[in-house]
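Common to both upcoming complexes is subunit A, partnered first by subunit B, then by subunit C.
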Partner chain A sequence: MFTYYVRLAWLSFKKTPVLSSLIVGAIGIGIGACISILTVYTLMIQDPVPGSSDKIFTYKLDNQPELEEDRSGDSAYALVGYRDATNISKSNIPDAHSLHYQTEAVIFPMNEGPNQGQAPFKDELRLASSGFFKVHKTPFLYGSAWTENEEESSPFQTVLSKVLNEQLFGGVNSVGKSLKIGSNSYKIVGVIGEFNPIPRYFETDSDAFSVMAGAVIPFSLTEQLELRKKGGNSRCFEDPAEDTFQSFLETECNWIHHWVAIESESARRDFKDFLDNYALEQRRYGRFMGPFTHELHDVMSWLEDRKVVNQDYRLLLSIAFLFLIVCLLNCIGLMLAKFLGKSGEMSLRRAVGGSKKMIFRQHIVEIAFIGLLGGFVGLLVSLIGLFGIKSLYRNYEQLAHISWELTLLTLVLAVGATVLAGLLPAWRVCRLPVSQYLKSQ
Partner chain B sequence: MLSMKHISKVFQADLIETHALRDFNLEVKDGEFVAVTGPSGSGKTTFLNIAGLLDPFESGRYELDGVDVSHLNDDEASMLRNEKIGFIFQSFNLIPDLNLFDNVDVPLRYRGFKAAERKRRIEHALETVGLSGRMKHLPSQLSGGQQQRVAIARALAGEPKILLADEPTGNLDSLMARQVLELLESINEAGSTIIMVTHDVDLARRARRNVHVLDGSVDDFTVYDFEKESHGFPTEDERTTFA
Partner chain C sequence: MKFFQDTRPILSAMWRNKIGASLITLQIAVTLAVVVNALFIINGRIEKMSRPMGIDVENIFSIQTVALSEAVNRKNFIQEDLRQIRNIDSVRDAIPILRYLQSGSARAETYRATPQGNHDAEILANINYTDEHGLQALGVELLEGRFFRADEIEHISIDFNGVPSKVVITESLGRKFFSEGNMAGRTIYYDEAGISIEVIGVISDVAAAWMARDTAQLADTKYNFMLHPYVMYNDAVNYLIRTQDGQLASTIPQVEEILLKSDANRLIRLIQTQADVVNNSFSKDYATVIVLTTVMFLMVLITGLGIVGLASFSVKQRTRQIGTRRALGARRKDILRYFFVENLLLTTMGVVLGAIFTYLLNYVLSTAFAGERLDSQYLLSGIVVVYFLGLIAVLGPAKKASAIPPAIATRTV
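On to the complex of A and B.
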């Protein structure tokens, strides 16, 4: 009977094409709006490192001088000062330490191959310790990162992002080649593969949803090259005592990201104790005098703490679902009109032996059919919506695409929501007074 | 075949009660051809709807082919309707989007027959009414008489025990009406029980028994002795009226 009902659904659709299209359109628009917002929201709140998010940690220390009347907001502690980062990175409790910060530099393309004629350009530059690649599990397309020893002995090495490698070398294996970054020449030792955790949890102070680009050089070059953070957030509680870079490194300025990899729960507790003890020890030197409780965060609690998912998006998602409900309520009226227009036929079917259950099933199949069509229209509307989001917000380009799981969800949601809305019209048409409509047809 | 005893039916509209049937009694035997006549509002159609299990009744007892219908739920009543009863309506009630084959197929789908069995029954039914060559036609492509014949085929396809016809020739001209009536007569001669509601007295005389309904009850009924019939319509000598 199912295929019979599907055929009847198609005939019914063709019989009232305008009314049927209105219902499909209403469902499609409601579903499309929902799925567009849900797509972006889902990617925003997803675990960026599934399987590892509870084994990667960062911390917050309160190094604001006590005498400061105006205590800074919480964001001041999201980053760490150079002195504290390098001190704490000496702890051997974590399996690896990742110290890094972003800046920018001028890249000088080699005048050969695809780079011929390419002018120098500014791009992202990250200074990162060798542990960065281990902690954040960056995959490598070619080569590998420098080791801890190499970071000290031969620091002028670089790892390119996939984007930069494609731009400079057409995506081929560039390991072994030289690249001038700023005033220095670096040996390319590796090219990172697809590495775009969404959100970019380890740099929540800048755009957490854009693609990671640029190059990475050893963190140990900070002092030698006198580089400091550019872009994102940093907070300094005092001016350097002297006008030197070394003096700057010793001020209470928070600008470095410090992440650690810790496998076991006991090691996590040990590291928290280490942080507390470090803070207590620094108090002897007149630092860490504030009341703030030092915190250790894994990836998901960090994203929550940093409010990476804007509250506005939650509100927008709620509005989108409300909009869908309004569309479905409209569909109830349209479906009632459509089904009651077939009162004569339904009465005839009842008269020749169709029970109320059979008539109800027939209409549920028709409603599901309409819902499925609405789902496909909804997918189209979603794609248009996401295209609009990409056009308006370039940084959301990574977020604005529909996976096959969301495609399936769209169709299931469309069918489910439409069937739910159609229960009343289907029930109503089953209860028509049969004899009345047979006589009057 | 059909036994109604002391059936009453009341329609309630706001504060007004309408007694459509009062103490209605009727027995119809297997193979009978009964015409039900009466003025408008006498209860003929209400009787037919109750007979066809389309409307409930307030009191009384109704047995259809030995089954007491009083306590049937919707599924049971639908199944009984599908298996035992064939309907023929004044306005044909064909589904306009379906071709003749699919129209006749409707009751068979609800019976749960396999495709091959349905096909056999549909072809046989359409052949009986003389429309086997038009299976793929839509109802809009047929005349009124042909549409009524399709409706008869639909009613026959399930091989029902009883046919209920509500003014089957009401929308037809005299020629088509005669054709339809001759078809009904042949169906009756083949053994089917037919109850036909009609205003047309002449038409009613073609049935072996006429039941006259007045104010919701059976007023009188007339039996025609067809062995004495000469040219289709019985004469006064061939009628026996019972009050």
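On to the complex of A and C.
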């Protein structure tokens, strides 16, 4: 019976091709617009580290030098000062500490290998403690990170991003080679593999949706090389006392990202107490005069706090949803017209023994068929939509790609929404007064 | 009115097809609500994107040069670069800057009009650096006082933390400190210690780096821009270059060539026209405008096609009735009128409901996204669009209906 209904659906489609195409088109465009915006939005609000997002934490400390109003929402507290970061990273409550920040450096490609003759270029450079790789669980394509001890004893080591390794070495294993970054030479000890948490929760002050590039070198080199953060935020509550780098480090300036990995709930509480005590202790030294002491955030609450989602997307999503509603209203109207157009035929079927139930079923199959066609159109439309979004925004390449789940969702949503919209027309058509239509024939 | 003389039979026909009529009414209502709100948002964004930048955007570009060797005398290096760039015929002037202007990346500091004061008295300003060529290079007007002299320009390193004794500020910023009177020559204060700084000159407004960001904190600070008389020598130096009118594109390669010729051991990167820098700052707004416009257009299209579809269908359904009416003496234009009046009635119901939806949607959006309240002008233009759309959509089917020959009534359909 089902295949028979499908055949009937196809015949009915062909009988009113314009009306049917309008219905399919309306569903397709409505679903497509919704899915393309939903795709970007879901990637924006998704959990970047599923499974461990509630075991990775960062904190805010109120290191205002004077007592002022509560400005805990201020982006200044989304970062930590050098002094506090290094002090707190000595706590052994967390399983690992990741201190890191971003700067830029000139990279000198080597005069050997396949890419010789490449000109020097500026690239992202991250300074990160060895814990960076543990806390954020970076996968390694080749080699591994430096150890905590090496960070002090032999700091001139580097881990390359996959992108940089492609660029310099064509993607082959470069571990053991040396690379000149800025004015120093570094030994390459590792190459990071596929690692692109979206959003990049640990650096929300720069572009959270871009691809991580460049090289990583030990955090401990900060003082020796007198490196300053570039790209991202730095906030100072006061000016350094002297024109030296050391003086800058001792100033109430916030610029470092500090993340910790904490497995257990009890350790989390201990760490909270630790931060509390730390803040109170600093108050005794005359620092930390602000009204709040500290806040501890896991990944998801941090993304919320930092408002990583492009606010316009909530707006666009609600508009797209209304658009879908209009498309569906349109479909109900058109389907109603289409089905009532078959009144004579249906009355005849009823007269020769077709039950209301059968008529209803037949139409539901027809509607689902139309919905499925609409779903395919919707997929096409959403691909076009995503292509458009990609070309409109910088750095949205990673956000604008459609997954298998979303493909399936598109089809299910299209069929589901159409069937829902078609319930009324189908119900109307099986309740037609048979005799009246037969007479008028 | 004669035009509406068949209203009663039309209404009773609609009453018999309650579901169909209410669906189209509802669809028109939601379309109206979305179109009006989208238009309102789009217009707001376009207004935002066309805020004046205050500098000669069309003829300015910036570049960064990175010295690759350590042993360069950076002060001489920068001065030599600038001398060569300024010597190019098509270059009007050039200055070394701290950050690319209006790029969203900014150095900001707060200042006060009084030596002491609390947080509320602090005024946020976007800082950039310049040498004595700033006026000409930016294309701004000097409104009061004077600009920096060559002997006032200091060459500083990245670790420098001093405060300048003299600054030049924009008119809008100046008015935040001094509500009336001349501003040049007056003093503003920096830091808890109340370090005094002389405002030596006031220039026409220049947009701050955060021009594209509309947060409550930054409200009313869009033109808070200040120049310090500094040239910073670091491994990277940024130059802002202003060309003669219309010669931007041809000047860029000349500057590159000259810089590489004078010292090949450097990187030249981030060559960006000011227009691109500004567009990048507003890219999210631009994208929102495009997406909203597309959705709005599609929505009008779908609703229009829906009306066409329903009207065509009803013409087909009523072929025999129309034939009968024609046979009984109705003229073609009577049939046309029937469909137009029917459409006008449907649209009017949609518009009444839609006006309510429009304000509801605006209320929801403005509370959820901190938007503004709708200007009723937008509703009016939306209503015009919807009526127009309905008339166009029904035109084809109505014409078809009026072409039905009276003879059809005598045949079986």
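Operating definition for what follows: the second predicted complex is superposed on the first by the 433 of 441 C-alpha atoms of A that agree within 3 Å, B and C clash if a C-alpha of one lies under 4 Å from a C-alpha of the other, contacts with A are read in each partner's own complex, and residues count from 1 in each chain.
The criterion applied here is as follows: a residue touches a chain if its C-beta (ideal position, glycine included) is under 8 Å from a C-beta of that chain, and two chains touch if they have at least 3 such contacts.
No experiment lies behind these values; they were computed from the predicted model shown.
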| item | value |
| --- | --- |
| Which of subunit B and subunit C A:Tyr4 touches, first, second, both or neither | first |
| Partner chain in contact with A:Asp243 - subunit B first, subunit C second, else both or neither | second |
| Which superposed partner A:Lys15 touches (first subunit B, second subunit C, both, neither) | first |
| Partner chain(s) touched by A:Ser355 [first = subunit B, second = subunit C, both, neither] | first |
| First, second, both or neither for A:His401, with subunit B first and subunit C second | neither |
| Residue contacts on subunit A - larger count, subunit B or subunit C | C |
| Touching partner for A:Glu345 - first (subunit B), second (subunit C), both, neither | first |
| Subunit B versus subunit C as contact partner of A:Ile332, first or second or both or neither | second |
| Subunit A residues within the subunit C interface of the complex | 18-19, 22, 25-26, 29-30, 33, 37, 66, 68-69, 104, 106, 119-122, 183, 226, 228, 231, 238-240, 242-245, 247-248, 310-312, 314-316, 318-320, 322-323, 325-327, 329-330, 332-334, 336-338, 340-341, 388-389, 392-394, 424, 428 |
| Subunit A residues within the subunit B interface of the complex | 1, 4, 11-12, 14-15, 344-345, 348-358, 434-435, 438-439, 441 |
| Interface residues, subunit C side, partner subunit A - complex | 19-20, 23-24, 26-27, 30-31, 33-34, 37-38, 41, 66, 68, 70, 105, 118-119, 157-163, 191-192, 235-236, 267, 269, 280, 283-284, 286-288, 290-292, 294-295, 298-299, 302-303, 305-306, 309-310, 312-314, 316-317, 361, 364-365, 368-369 |
| Subunit B - residues contacting subunit A, complex | 45, 49, 52, 54-55, 74-75, 78-79, 81-83, 87, 89, 91, 93, 95, 97-98, 106-107, 109-111, 154, 158, 166 |
